[in-house]
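The structures considered in this document are given below.
First chain A sits with chain B, and in the next complex the same chain sits with chain C.
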Partner chain A sequence: MMRQYRIRAFFFAVCVFAALAPMAVFAQSSAPAAMLGTFPQPGYITSAGQTSDAAIVKVLANTRLKLGFGYEISAKPQAFAGSKTLVLVLGASNKGLGAAGMSLDQELARVKAVIAQAQKDGMKIISMHTGGTARRGEASNKIIELCAPVSNIVIVVQGGNADGLFTDLCAKAGVPLVQVPSIAEAGNVLKSLMAPK
Partner chain B sequence: MKRFFAVPLMLAALALTSVGAESGVALVASEVRPGAGVTEVRSLSDFVPALAGTPFDTPVYLLGGAKDEATAAGATDGAQAAGGAKASSAPFTAAIVAGEHANEIAGVLAAYWIIERCVVSSGRLAIVPRANASGATWSLSGAQAPRLIHLDGRAIRYGTRLSNPLQETEPDPERFVPPLAAASFAPLAGQEARNLNREYPGSPDGRRTAQAAYAITAMLRAESVKIALDLHEATMSSALTWSIITRKEYLDAAALAALDIEDTTGVTFHLEDSRDEFAGYSHWEWGKMGVEAFLVETPNPAQPKDDPSVDQLHHAKAPLALRVYVHLRAAKALLENASAMSGADDALVIEGFPSSIEEVGRWLEGI
Partner chain C sequence: MEMKRVRSSRGVRRLALSLIGFVAFALVIAAPLSAADTLKAEVTARNGMVASAQPLASAAGLEILMAGGNAVDAAVASAFALGVVEPNATGLGGEGMMVIYLADKKITVAIDYRSMAPLADLSKVKFGSVGPVAVAVPGVVAGLCDALQKYGTMSLSEVMAPAIRYARNGFIVSDTLAQTIADKFDPISKNDALLKILAPDGLPLQTGDIIKNTDLAVSLEKIAAGGPDVFYKGEIADAIAADMAKNGGYIGKADLAAYKAIEREPVRGTYRGYEIVSAPPPVGGLSVIEMLNMLENFDLASQAPLSPRNVHLMAEVMKRGFADNSAYVGDPAFTKVPVEGLLDKAYAKARAQEIDLTRMSPSIKAGTPYEHPSTTHLSVVDRGGNMVALTQTISGFWGACVAVPGTGIILNNEMQNWSRSGPNSYAPGKRMRTTIAPTIIAKDGVPFVTMGTPGAGRIISTMVILAVNLLDYHMGVQEAIESPRFYARDTEKVLSIESRMPKETQDWLASIGYKFEVYPDYDLFFGGAQAIVIDPATGMMYGGADPRRDGAVFGF
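Moving on to the complex of A and B:
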């Protein structure tokens, strides 16, 4: 009886560990130690979804953190030739898409081409989501579902992952997820990932 | 039977007279206590005389150096006489407009804070705290009776998004198209003709709301305003809450401001593009004039129906002090970053912004 209880307890403990382990891996507040300083320079920032939040990541990276990344909100694949790390700022903005004269399907096609080129060139990919719930919804989710699984790491400002979409996608794809409380903190994570120039 | 109708008719006529009689200038003067930083007070009727004495006339408070001082100095050294350098010698001027929608009170109160507590030691700041004063004379919940929020011994009107229909010169059209909208623009509901933030750049001989829009546009031109902020609020669930809306060319200044706002308030903002579908909006139409225009949105828990049961002061998620504080820090960050990015570092120096939510809370409640 006692032995049976121990086996059950052991089995329970294994199950709990198995359930919690991915959360520990995929909901960190800082980048995994093994990834620090491993993303090669130069970096290049573009939006995935035409969100204006890409401008925030640009000034964060370049004006505040002096990372010197290239930037174009709706970059074509040829725009980042020579860059080694691609930063995708996720979030569909109907206003942004309208301003760019694009439909969501056209934007998805552009982002697919950008990702394909980055993978072909052996670039590392960082996906960032900074817009909170305002950058979630059907259109944004399509963008997120496209980009998160093909990223080397995903950084999300809390609020954007309130429903656990990023957690699920990253867990399934084995992509580390860093969840932070602020855009400034997201910048610190981004900087910690970059190799020295 | 006739007597039965006569009394309501008389009351209605009285109401019409009373709502039409009070000048918006008097209304605003009853709410705000100008501080030592105010150097001049003008009103929209200085720019559109037809507004004088109407509920649409509203004060423009000016802080900092007089516009004429620098131009007079320019004239002394001959630059003015030669017809050049007037613009460069004039003080760097920014504007803050609030209360375009009179129910979005955090913006109005942020503007009142600046009028009461700020001093401009370099440059010039024009503030229109109740851009649509007519909107403050009525409320959705009480027809002609404006709702009041009592703060520190004063009654602040919680109005509505639109001008008071009884104070307009014309009934609403069936459909409304902003003045400079493209031919493809889908017409709006007729009541939007009373939405000040759909009427820019306005018209000097249109309906009163259009005249108010024209007067604000004329003020921006007359003051050579370089940067203009428009303070608003949105429904809690709106994607616009905690956002800055601006034209693409000014996104970098907005982005830097968003980072500063997060640093000082802990609130993360997102950015929205202004574009031609925003015909009639401040950020689009002022931007066309070369003004760096930014619209700031905080959440208002009573919107969209202006629910009178909502406790504005102590709401758990969006207390008034937080919203006013964020508006003020956003104003500071936008003015600093936009002026720096336009190469005018230190051209506009404003002192007196709050350093904590608690400070704003004490001001609101008179503690």
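Moving on to the complex of A and C:
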């Protein structure tokens, strides 16, 4: 009886491990060791979805972390010529789209062009989602589905991945996912990825 | 302006401790008046009540009422406090309009402290919505000081004490405030003085953080000691003018020195036997009354509040009212506003007859009224029956996203509110039209409702919905505020609705041509209304505050 119970417990433990192991691979709380310091400078930040969270990442990167990244919330492809790493801050904002006078389709087209240019120039791409549940929804999901799979790494502040969308997209595309508890911690991960100037 | 001496006997400071106890008591006795389920409980009181968009601002007003101040004292205290604790929506760099009922004289007055275009000719300038160019001459300090001097009983330093305390000691950032910072962080991050206030450690303030603005505390202290001249002619004026000159803005010392608050006659109308007294042009009270006049031609109460027919009727009325507002309302010093024509019952009836009950009007133009020659809100009631309805704004959230270095003052972006042509076209020294509409409702000459809301273009429509909810459907004040909102305008292709609008109503409206922009259940797009209702029979006060923002009601 006891032996049968131990076998069942062992089998259950193996199943749990098998289910959770991929998530452990794709949802770490810090960047993979092999990627530390490998993203070349200079970096350039733009939004994907016109979210003002891009400005938050800019202030975090430049004021607090002194990374000296370029920034334009709705950068066109030619804006980041000479940059080596592109940071896309994900999230659709109706207010931001309205302020920029753009529809979601126009913004998706801009982001596609930005990604295409970055890939053509051999830039590395970091996608960041810092806005939590407020920056999720149908429109944001379209942005996320466009950007996450083509990124070299994705950094998400907890809450933004509550439904596992980032986990699924990154797992399918083989993109490392770093999940952190705060925007400040997302900044630390970003800094750890950047190569010295 | 001669400052009144601080009356230490009133012991504002001593009462601060007991305030907490009284507030707790008021909250304990808070109880819904109606059987309707509401997110927030309706608050009841007998001796005085303040409803504002932020709990600390309501507490500031209550503190003044309990210290013996009247409704004007309390409203001014709450308004200054709102400028500290709701800095995204109002402040010393903003403007407003208030309607005051004075019980002993049985009169109602309006104080216009709308912002004003600089005096130089800027007709070739593109104003935009952010940056120094978007800033108009602020009116808040002049308006609040004027109201206090004429109709208050306490000194400026007494009523400003809570605001100074909040600015110096700080307060907790709410979800709402944190979200407005995040939403506007791109332009905010381009202004170092504003960034210093909202991201003191290099990251935007988050929910639960403490926000302090010690520079603003010093500015408030200077005004409390020296009166409005400090702001319009003294060292704060110097700081504003210097920052404008340095960064390409157009407000100079002469513009600030020329600013005056204006006492105006409110606009008046009736709705189903109730007297409606509201804020006059260049703001939106006229259109609130015009829309109610149109609705008076229909029996709304025979159907449910959100029935398909009633929502259709109200949407059609809103569109007509907004069309007339755009065509006729502007600064009365620069344009002749046909006030009597727009308030005429026969004109409203003719406009109402244009409405087809079975289909949505595809396009609506302004009517032809008979011409006769002639963005936060707070409500306060005191035990003497005095009332104040006060709405203030810095236009967009965070205004022009410009703070004046060393003062903690955030400036408005009212210059974005000019129209390309018509009565609201730009002119030097002119006051631009907005939709704010603080309103008092009376029955048989006795005021019993004070209400208002922020919400940009939705202010007028929300005020109409509130009036109909209270007067046609006899909702409790909290239920009236929480009821699902909608908004239609002649220039909008869609009917904006909160998602709680009944499905059958949405389906029927869609069948007659409506398209929708659906917002979450309770969305601050539709404003953040505050209102107090007095039961004439018992004198009991009932207060409601809007869960769409951080609204709170306190009474004693």
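In the analysis below, the second predicted complex is superposed on the first by the 178 of 197 C-alpha atoms of A that agree within 3 Å, B and C clash if a C-alpha of one lies under 4 Å from a C-alpha of the other, contacts with A are read in each partner's own complex, and residues count from 1 in each chain.
Assume contacts are C-beta pairs under 8 Å (C-beta built on N, C-alpha and C of every residue); 3 or more make two chains touch, one makes a residue touch a chain.
Predicted model only: the values in this text are computed from it and were never measured.
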item: Fit-or-clash call for chain B and chain C when the two complexes are aligned on chain A; value: clash
item: Touch count on chain A, higher of chain B and chain C; value: B
item: Touching partner for A:Ile56 - first (chain B), second (chain C), both, neither; value: both
item: Partner chain in contact with A:Ala134 - chain B first, chain C second, else both or neither; value: both
item: Which superposed partner A:Val157 touches (first chain B, second chain C, both, neither); value: first
item: Against chain B, colliding segment of chain C, chosen among 297-305, 333-341 or 387-395; value: 387-395
item: Touching both chain C and chain B, counted on chain A across the two superposed complexes; value: 52-53, 55-56, 58-60, 63-64, 93, 95-96, 99, 131, 134, 183-184
item: Chain A - residues contacting chain C, complex; value: 52-56, 58-60, 63-64, 73, 93, 95-96, 99, 131, 134, 183-184
item: Contact set on chain A toward chain B in their complex; value: 51-53, 55-56, 58-60, 63-64, 93, 95-96, 98-99, 130-135, 157, 159, 182-184
item: For the chain C and chain A complex, residues of the former touching the latter; value: 129, 179, 182-186, 188-189, 195, 199, 201-204, 206
item: Interface residues, chain B side, partner chain A - complex; value: 239-243, 248, 251-252, 254-256, 258-259, 262-263, 266, 268, 270-273, 275, 277
